[in-house]
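Below, chain A partners chain B and then partners chain C, in two separate complexes.
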Partner chain A sequence: MADITFVMISVFTVGCAIASLELRSLIYGSISLMGSLLGIAFFFLLLDSPFVAMFQVAVYVGSIAVLILFTVMLVKRELIFNKIEDPKRKYAGLVLMLVLITGMGSVIIDSGLKSVDTNTTPIDFGEIGEDFLTYYWPALIIMALILSSSITGALVLARREDIENEQHSD
Partner chain B sequence: MSTIAPKFRLGYFIKSLLDNIFWIIILLTLIGIPAIQVALFFIDLPVIDGELLTPFLALTWLADPSRTLPIVKTLMQTDFFKIAVFPGFGFAALLAAGTIFIERKLLAKLQLRVGPFYCGKIEGILQLMGDGLKLISKEIIIPAKADKPIFWVAPLLFVGTAAAFIALIPVSPGWVIADLDVGLLAFFAIIGFFPIITVLSSWSANSKFPFIGGIRALHQMVSFEIPLILSLLGIVILTGSLNLSEIVESQYNFPWIIFMPIGAIVFFIAMLAELERIPFDLPEAESEIVAGWLTEFSGMMYGLVQLGSYLKLYAFAALFVVLFLGGWNGPMIIPQFPQEIITDGIELGPISVTIPGLPLFTPEMLNGTFWFTIKTVSVIFFILIPRGVFPRIRIDLLLHIGWYKLIGLAFVNIFISLSLLYAGVLGPGGMML
Partner chain C sequence: MNNTLIDFVIVSITLLSIGIYGLAVKRNAIRMLFAIEIIINAANLNLISFARFLPHSGGQTLALFSIAIAAAEVAVGLSLIIVAYRMYQNVDIAEFRSLKG
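After this line comes the complex of A and B, so read on.
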């Protein structure tokens, strides 16, 4: 039963990924990108990790896809349907994809994935949090610093004093 | 008296209904029953428990409560019942419909108007039914240059996402459709879909007012999601769980609003913005941009979007109740089911009937539903009241509130809950859990 689900989700994810590259309309392309990100969330659900799946949906579908949609909608309508085609690029892309797939596939197959026991209980997300606070705490602090500095930077960049003074003068 | 149908009288309508019923009974007795009798000659009836299953026996079985009640009780335990009727769509749609009517009457009273008055004899009580019939019977008009697939799908997706939100709400102990371990995260994931649907539908209408409304909705929802999520982290820190049922159970002694009033206020304001309610109704500002992102919707598509937004309102109010007001917890006011009915059966004069399967609902469930409904309705009331009081605010002030004030207050709330946790007052290992 899980195999059928797995195959269906794989077809959905890969199909959406191909569609997001090949569709002429940028809006439909970004919608299918959203579909492929959702498919990855379904994979996480299949792997018994709903915590990661929900974060995948919240972050990638809820935020990044919105960002892409927003950017696409601000593009001029003529540019959305403009066709830039170069056969050399296409073949180079195909070759690159084949190289990547063989390389990553050989690494994954060689990594002992076949001998993984699939009947273990799902990992509790509380353990992930504990690991973060004990063994991985430097990584957590570095991530927090980077995030907070980038948020501060974004706020500083977005601040426009001329407009603000004008609005608060009255 | 209506000007559209001046001859219409409720008495005539009821009389025509009674006439129809009279003729149906006459025709059934003269033609229908003889026809059934003739047909029974040619049909082989099944034999069950040594008895021939005649139509009369089948009707007797159907009317016998000792046979039907267990069936009803099994039906109530199924997922279908939960999704369609009780904690799910039926319950939520009933509350949402009540909200629409109450809102119109309440606003009218606040503004010294009459409100819905003519539809139905008492205070326009049938107005909602009339509106529904009107929306269903109207033509669906799609703009010629619209992107049709997205435009058709958007209202359905909106209702579907609101329904997925409702599935997470625990109404009373054990009565929840999807009891996820990561329920609160699922909520964060679901509210991320609303801006996508809004902006896609507004883009696909290919018209300027929906697009302006959609961009406004996107700005508003994306920036208010952040304080919305941050204001709930204090509860997660103190409860140590993301499961909504466990969060409700943790408030058995005190609701979290006592310890985190700042978080509750931030959540409430962010909730108003997510719901596009006045004073944050910029996406559908009807006095500036026609109807915002709903401008091009017509007929039942508009009805679906309205249904979805009121379901969303119910779901947000219910989530506020679950997280801050203690959910189903409350004093026990429902009396226990009399034990002798289960053991001895019901005595009606000379006969006594033992009915298996009673009681249908436990008193805990009824009590929980009662307190949950009372609290949810009062939160909905507080969501409705600003509409009669406040004007719409400017979009830069809105974003300023969201990014500067609410996020800061949400962090203050997180620090309060952290200090409560590390002081050992509350939380895992604290005094009250």
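After this line comes the complex of A and C, so read on.
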């Protein structure tokens, strides 16, 4: 049976996720998305994975949420406060969501997951570091290359050539 | 620990469904990015919970890779949204029509 901490964190996470999609203002939406990501980090702490939780806080709550906030601020004011959606699609989406939750939930509840043993010892994060430097080192290098190329790609995409040409002509 | 694996998996399924609802209903490109983030986090929660209960360190390692790749995806996605906003002065995906035949 789940304890009270788990219930509180799950209500917070799911509530913030719904709020991030349904709040009228995109700024409040991105702040509640931040809350949802923080809730996931608390789940990681509950699951005895403090290293991944700290990584989640640093990368998601620290950088991605700030990046999203700055992008929202670049957009026109009336686009931030206007909801763009079709009402017909909304009801279809709600039905799809409920069907997914009940369908997948009933499959999971009927499966053998209930019998998984919960009294195992947690993994030490030294083991993760060892994994990174031994078995997964090619993947680590490829990930570094992907990250640097994606940052370069993002910079090239968002560059404004008209402003650059003006500065050169001055 | 009082919580069982199935509790975490159910929270993960709920988040996944909310994310799919967002992708299906919203037409604002930034909101769709929010929905994608929620789905990625649901997947990460699943990875970490299975890694805790099996137990195996592979799940945590994979979750770290997944978080890093998600960061790259958000950077590129947001810059694409900015470029599209500059072209169409809008973030409504129904307005992005240049690829339409």
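FYI, the second predicted complex is superposed on the first by the 121 of 170 C-alpha atoms of A that agree within 3 Å, B and C clash if a C-alpha of one lies under 4 Å from a C-alpha of the other, contacts with A are read in each partner's own complex, and residues count from 1 in each chain.
Assume a residue touches a chain if its C-beta (ideal position, glycine included) is under 8 Å from a C-beta of that chain, and two chains touch if they have at least 3 such contacts.
Only a predicted model underlies this, so the values are computations on that prediction, with no experimental measurement involved.
Enquirer: Between chain B and chain C, whom does A:L133 touch in the aligned arrangement: first, second, both, or neither?
Expert: In the superposed model, A:L133 contacts neither chain B nor chain C.
Enquirer: Hey, is it chain B or chain C that touches more of chain A?
Expert: For chain A, the partner with the higher number of touched residues is C.
Enquirer: Contacts for A:L145 in the overlay, against chain B (first) and chain C (second): which applies, first, second, both or neither?
Expert: Touch status of A:L145: no partner.
Enquirer: Regarding the shared-chain residue A:L157, is it in contact with chain B (first), chain C (second), both, or neither?
Expert: second
Enquirer: Would you check which partner chain A:F51 touches, where first means chain B only, second means chain C only, and both and neither mean what they say?
Expert: In the superposition, A:F51 touches chain B and chain C alike.
Enquirer: Given the touch rule stated above, what does A:D3 touch, chain B (first), chain C (second), both, or neither?
Expert: second
Enquirer: With the two complexes superposed on chain A, say which partner A:L69 touches: chain B (first), chain C (second), both, or neither.
Expert: After superposing on A, A:L69 lies in contact with chain B but is clear of chain C.
Enquirer: For A:I31, is the partner it touches chain B (first), chain C (second), both, or none of the two (neither)?
Expert: In the superposition, A:I31 touches chain B alone.
Enquirer: Please report the chain A residues shared by its interface with chain B and its interface with chain C.
Expert: Common interface on chain A, chain B vs chain C: 51, 55, 63, 125, 155.
Enquirer: Can you list the chain C residues touching chain A in their complex?
Expert: Those in contact with chain A are residues 1-11, 13-22, 24-28, 30-31, 33-35, 37-38, 41, 44-45, 48-49, 51-58, 60-61, 63-65, 67-76, 78-83, 85-86, 89-92.
Enquirer: For chain B, which residues are in contact with chain A within the complex?
Expert: Within the complex, chain B contacts chain A at residues 147, 150, 180-182, 185-186, 188-189, 191-193, 195-196, 199-200, 203, 215, 218, 222, 225, 240, 242, 396, 403.
Enquirer: Which stretch or stretches of chain A touch chain C in the complex?
Expert: Interface residues on chain A, with respect to chain C: 1-3, 6, 10, 13-14, 17-18, 20-21, 26, 29-30, 33, 36-37, 40, 43-44, 46-49, 51-52, 55-56, 59-60, 63-64, 67-68, 71-72, 74-76, 79, 83-86, 89-90, 92-94, 96-98, 100-101, 104-105, 108-109, 113-114, 116-118, 120-123, 125, 127-128, 131-132, 136, 139, 143, 146-147, 150-151, 153-155, 157-158, 160.
Enquirer: Quick one: which bits of chain A touch chain B in the complex? Just the residue numbers, please.
Expert: Its residues touching chain B are 27, 31, 34, 50-51, 54-55, 57-58, 61-63, 65-66, 69-70, 73, 125-126, 155, 167.
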